[in-house]
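Before I ask anything, here is the structure I am working with.
Should a chain be cited, it is by its letter among A, B, C and D, assigned in written order, with residues numbered from 1 in that chain.
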Amino acid sequence: MRHFIIDCDTAEDDVASIFMLSKYGMKLDAVTIVEGNVSFQQQITNALWALEQVGYKDVPVFPGSKRPIVKNFSTVEEVHGKSGLGEITPSSKRKPENKHAVQAIIELSHQFKGELEILAISPLTNLALAYLLDNTLPERIKKVWIMGGTAFSHGNITPVAEYNFWVDPDAARIVFNAGFNTTMVPWDVVIKYTIDDNEWNQIKNMRTRLSELYVKMFSHYRQYDKEVQKLDGHPHPDLLTTAAAINPEITEITKKEYVVIDNSDSLTRGMTLIDHFDSDRPWSNSPNTEIVYSIKKEILLDMIKKMLSE
Amino acid sequence: MRHFIIDCDTAEDDVASIFMLSKYGMKLDAVTIVEGNVSFQQQITNALWALEQVGYKDVPVFPGSKRPIVKNFSTVEEVHGKSGLGEITPSSKRKPENKHAVQAIIELSHQFKGELEILAISPLTNLALAYLLDNTLPERIKKVWIMGGTAFSHGNITPVAEYNFWVDPDAARIVFNAGFNTTMVPWDVVIKYTIDDNEWNQIKNMRTRLSELYVKMFSHYRQYDKEVQKLDGHPHPDLLTTAAAINPEITEITKKEYVVIDNSDSLTRGMTLIDHFDSDRPWSNSPNTEIVYSIKKEILLDMIKKMLSE
Amino acid sequence: MRHFIIDCDTAEDDVASIFMLSKYGMKLDAVTIVEGNVSFQQQITNALWALEQVGYKDVPVFPGSKRPIVKNFSTVEEVHGKSGLGEITPSSKRKPENKHAVQAIIELSHQFKGELEILAISPLTNLALAYLLDNTLPERIKKVWIMGGTAFSHGNITPVAEYNFWVDPDAARIVFNAGFNTTMVPWDVVIKYTIDDNEWNQIKNMRTRLSELYVKMFSHYRQYDKEVQKLDGHPHPDLLTTAAAINPEITEITKKEYVVIDNSDSLTRGMTLIDHFDSDRPWSNSPNTEIVYSIKKEILLDMIKKMLSE
Amino acid sequence: MRHFIIDCDTAEDDVASIFMLSKYGMKLDAVTIVEGNVSFQQQITNALWALEQVGYKDVPVFPGSKRPIVKNFSTVEEVHGKSGLGEITPSSKRKPENKHAVQAIIELSHQFKGELEILAISPLTNLALAYLLDNTLPERIKKVWIMGGTAFSHGNITPVAEYNFWVDPDAARIVFNAGFNTTMVPWDVVIKYTIDDNEWNQIKNMRTRLSELYVKMFSHYRQYDKEVQKLDGHPHPDLLTTAAAINPEITEITKKEYVVIDNSDSLTRGMTLIDHFDSDRPWSNSPNTEIVYSIKKEILLDMIKKMLSE
């Protein structure tokens, strides 16, 4: 059995990731919450609600960092809708745990030493802080699946930076330097695999409970992606990362490369700098992550449909 | 009774600060250790040894961060001698606590809410991490006494940066932005109050147990300061800060100003940027710290002599 | 008749560009020399020699800037061979002009107002200085064809920066902000169109005077590109840019975008930052250049073969 | 006879410098104009007008750079009044020369090789460009007297940066690296020598032609300095520099130190970074300028009164 923590700034695609973990029978040991898409309290509520939709109702939710390590911060409700879940206004009677996410991550890393996988699909503040409090953490984590950054400097929050890394570039820099076993799914790879109008209609026509939630959750985000990001549909940054974690067959081209995140306060804030050389160059270095450059879309679609089948 | 935590990268002047706290009857609730002057294990040993010299043998020592938040790190044994205590090779049978310094700081802030003062006389990593894990920490801390930075851009580790802020400029930036009630004692103020040859000889001639420890502890540092820093004696950055905390009459000129720490990777890494304006200028802002610009040296000397009198 | 200035740090591919301009009957009004690939004096000699090979023996050569505007500088003989021309050791009896390149550029811009095109296939120092001395220069220049930068942050001198922009990022930043009508040919587009082994052998078998010079000139660079840049042949950054200037049919996909060059002293020095948005984002801006994203390789090959046919 | 160029962004204190050069019989070979305090055309007019007030009516005025090398730019009429000369609205029938200041500087450096002194009391763009066009310029210049920067990071345009260096930090960085023989008069030294109310009244009571011009010219600036810079009078940054050039006895404490100017786009833009060490430290380097730390105010006052005596 595989053990997961999912580190969320819970908007629609984080919720979809929870749905998929459940459908594929993954053991979810914790949901940890970090600053990001919408208000912190809303993100907690969204996570609690999401867990209840799919039989994860006993999975604990640990509130983590409410802010980036150094930079200032604001949320992006314009992207995800006020609740972060489009047309849905979630609620839950459950409470989050009275323990900090960072402490939970460290404790679980001991409990499931060498088995624990982290779905880091949000700003990397919690994971960076956990490492800072315990520098031996990377030795006990099996894999960190990171949604964030870019492969070709084609960003979303600025022209050259992706949101998760841009929000807390210091955290991202720390995580890539920490010695974790990581796989990174970049934004400008993710957007090659949008849900187009035909596929969107297929999902609409499924008329299952979860497909109806999916449509309500993603309609706002879909519109934003089409109008502002000029995409031909909505992409699944978090869900694709989760799918890659669950099913290695979905990834097609990957490369092990050295990545460093720009944490300056300049135009390049949050940029993913990739060393594609294997020869000597200024700041060239040994690979520290596996970057996903392409995936098999048909597998992604199959996994989504299976996920929404009930 | 006043409650203190002393946050140490335990070299000779940190030890002197412990001596002075004891002499003046301050309640020392914890010593927390942070990366800095010499090896982490040595710093723990030094703290345990120091506490035993002055009747603080039950004060717990909490190991904290072994590295800066983002930057790379190396120690400076050339300044303080291999042990950090000059000619002394300390040892102790006591063990440090099995709890992280950051957790200890947060717990003590609740236990002595509104009463706890922190002597932050080292890189600010522990304090920054404590704040990052609990953003309400500043509300419960009475005062943070910070040894670090510069008032006139006259540094020691680089031409323009002081060691404590330079080692972890991100931590320093975080702490000054966090809303703590702080007083800052800058390096280029401290060095106006060196122990000159005459005063050094007076201390030598005291021939008490502690004055003899003092001479052995400071001889290496004194030589370094004279030869490399081109000072006419050795200064007391940490001890002067501790004295200012104990005895408000020692400070002469102070100003409340806005301070921001440069955390770039450029020539200005670790610089203290001070807004001396009270009118509108680019990045001008409201005061966030009280800077000590001058002290009364005779009070400092009296306090040192009293401290060494046994 | 079209009027050109070619701004050279004269190595093998600059020379090839001179050959092609001649073959296609372009009026070459001046060659200007700028710091870059090899020693400044060598670059002058190379230019004088190249002009004599193709009936441009009266074209004046103007020495320009010997150094970048702000950054330090060193040449890259390891890439181009000691002379910059591989196996060839050129010489010439002609002398360069006793007038600075910058002054020549400004004067020619008046003489051929609205007609002059500049092949800027080297660090952009001369062009930037000409603009700084005469802010109205862009109004009189028909087009600047720029070889430099990247489209996908895939560099050659550092992992993320291309040599020409990296050598003088300040000059590049100035030129892109100056209001010139520019077309930019990026390194990571250029390397999609290398001369492979089959094509290299075809050229070898031409056995004309110029094809034999070509083989001698490019053999060193070809080996470097294969061994260090891990390419499957040698690319033609300068020559491809020149071909695009001569023959618009060679370009396939181009986009007008906003480009700003990173001139920091950090890992991102010399990076090409491209705004691909046409919606509002931090630092998004109106297009200031046309970027070439793909060309038709068969046209390039035909033009090279024609160029070498005598 | 001493030969001077004065490089002006002609406001009231530049004009006073012209007056003083004249009074002390200095040969003024050229006035060069550079972007700065007020509109470029106004600065030319101000210079032509000023020269006519003191028998310099044949001194040529050369327009130079209208903008900083890299940074964006705006003028500061709020400091100097709309004309730059407080209550005075100057005019002149003379025209500036039809030659760029940079070319004039280079030509004069040959004509008066080893004798020419430059009063660089404005942003350093012209001087930097002259160096960039002719890297041998510093060998022929006897001395550059620079008004600009800070000695203690106490700025005027930002909390930590002085206006002249802040406007064009790239130019300042270039000039300090170029190998000129320089003396630098920092802003935070200059403001120790303000004209207080008593001295202002003494000048008012002189009732000479030039003292009356002086009062009209400085009244606006004086008010600004008192209200916004919180000074107790107005300082004479340019005039003090000119006085130091004319009369070496005015300087009291000077040190030869290494200076580098921060040209980043961050909070430290335009900062003067001084290496006060003469031992090994990161980026420590050999002295490249003589910094004036104190002057004799009574000599300054005497020189001002003499200057205004007619």
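Basically, a contact is a pair of C-beta atoms (placed from the backbone, for glycine too) under 8 Å apart; a residue touches a chain by one contact, two chains touch by 3 or more.
For reference, the UniProt names are A, B, C, D = Nucleoside hydrolase.
This is a predicted model, so every value here is computed, not measured.
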Given chain C (Nucleoside hydrolase) and chain D (Nucleoside hydrolase), the chains that contact each of them: A, B
Pair exhibiting more inter-chain C-beta contacts, B-D or A-B: B-D
Distance between chain centroids, defined by C-alpha means - chain A (Nucleoside hydrolase), chain D (Nucleoside hydrolase) (Å): 56
Where chain B (Nucleoside hydrolase) and chain D (Nucleoside hydrolase) are represented by their mean Cα positions, the distance between them in whole Å: 42
Centroid distance [mean C-alpha coordinates] between chain B (Nucleoside hydrolase) and chain A (Nucleoside hydrolase), Å: 40
Residue numbers of chain D (Nucleoside hydrolase) (touch at least two other chains): 264-266
Contact graph of the chains (line, ring, star, complete, other): complete
Residues of chain C (Nucleoside hydrolase) defined as touching chain A (Nucleoside hydrolase) within the complex: 152-154, 157-160, 228-230, 258, 260, 262, 264, 266-268, 271, 273-279, 281-284
Residues on chain B (Nucleoside hydrolase) engaged by chain C (Nucleoside hydrolase) in the complex (per definition of touch): 264-266
Chain A (Nucleoside hydrolase) residues within the chain B (Nucleoside hydrolase) interface of the complex: 65-67, 69-70, 100, 102, 129, 132-133, 135, 170, 173-174, 263-265
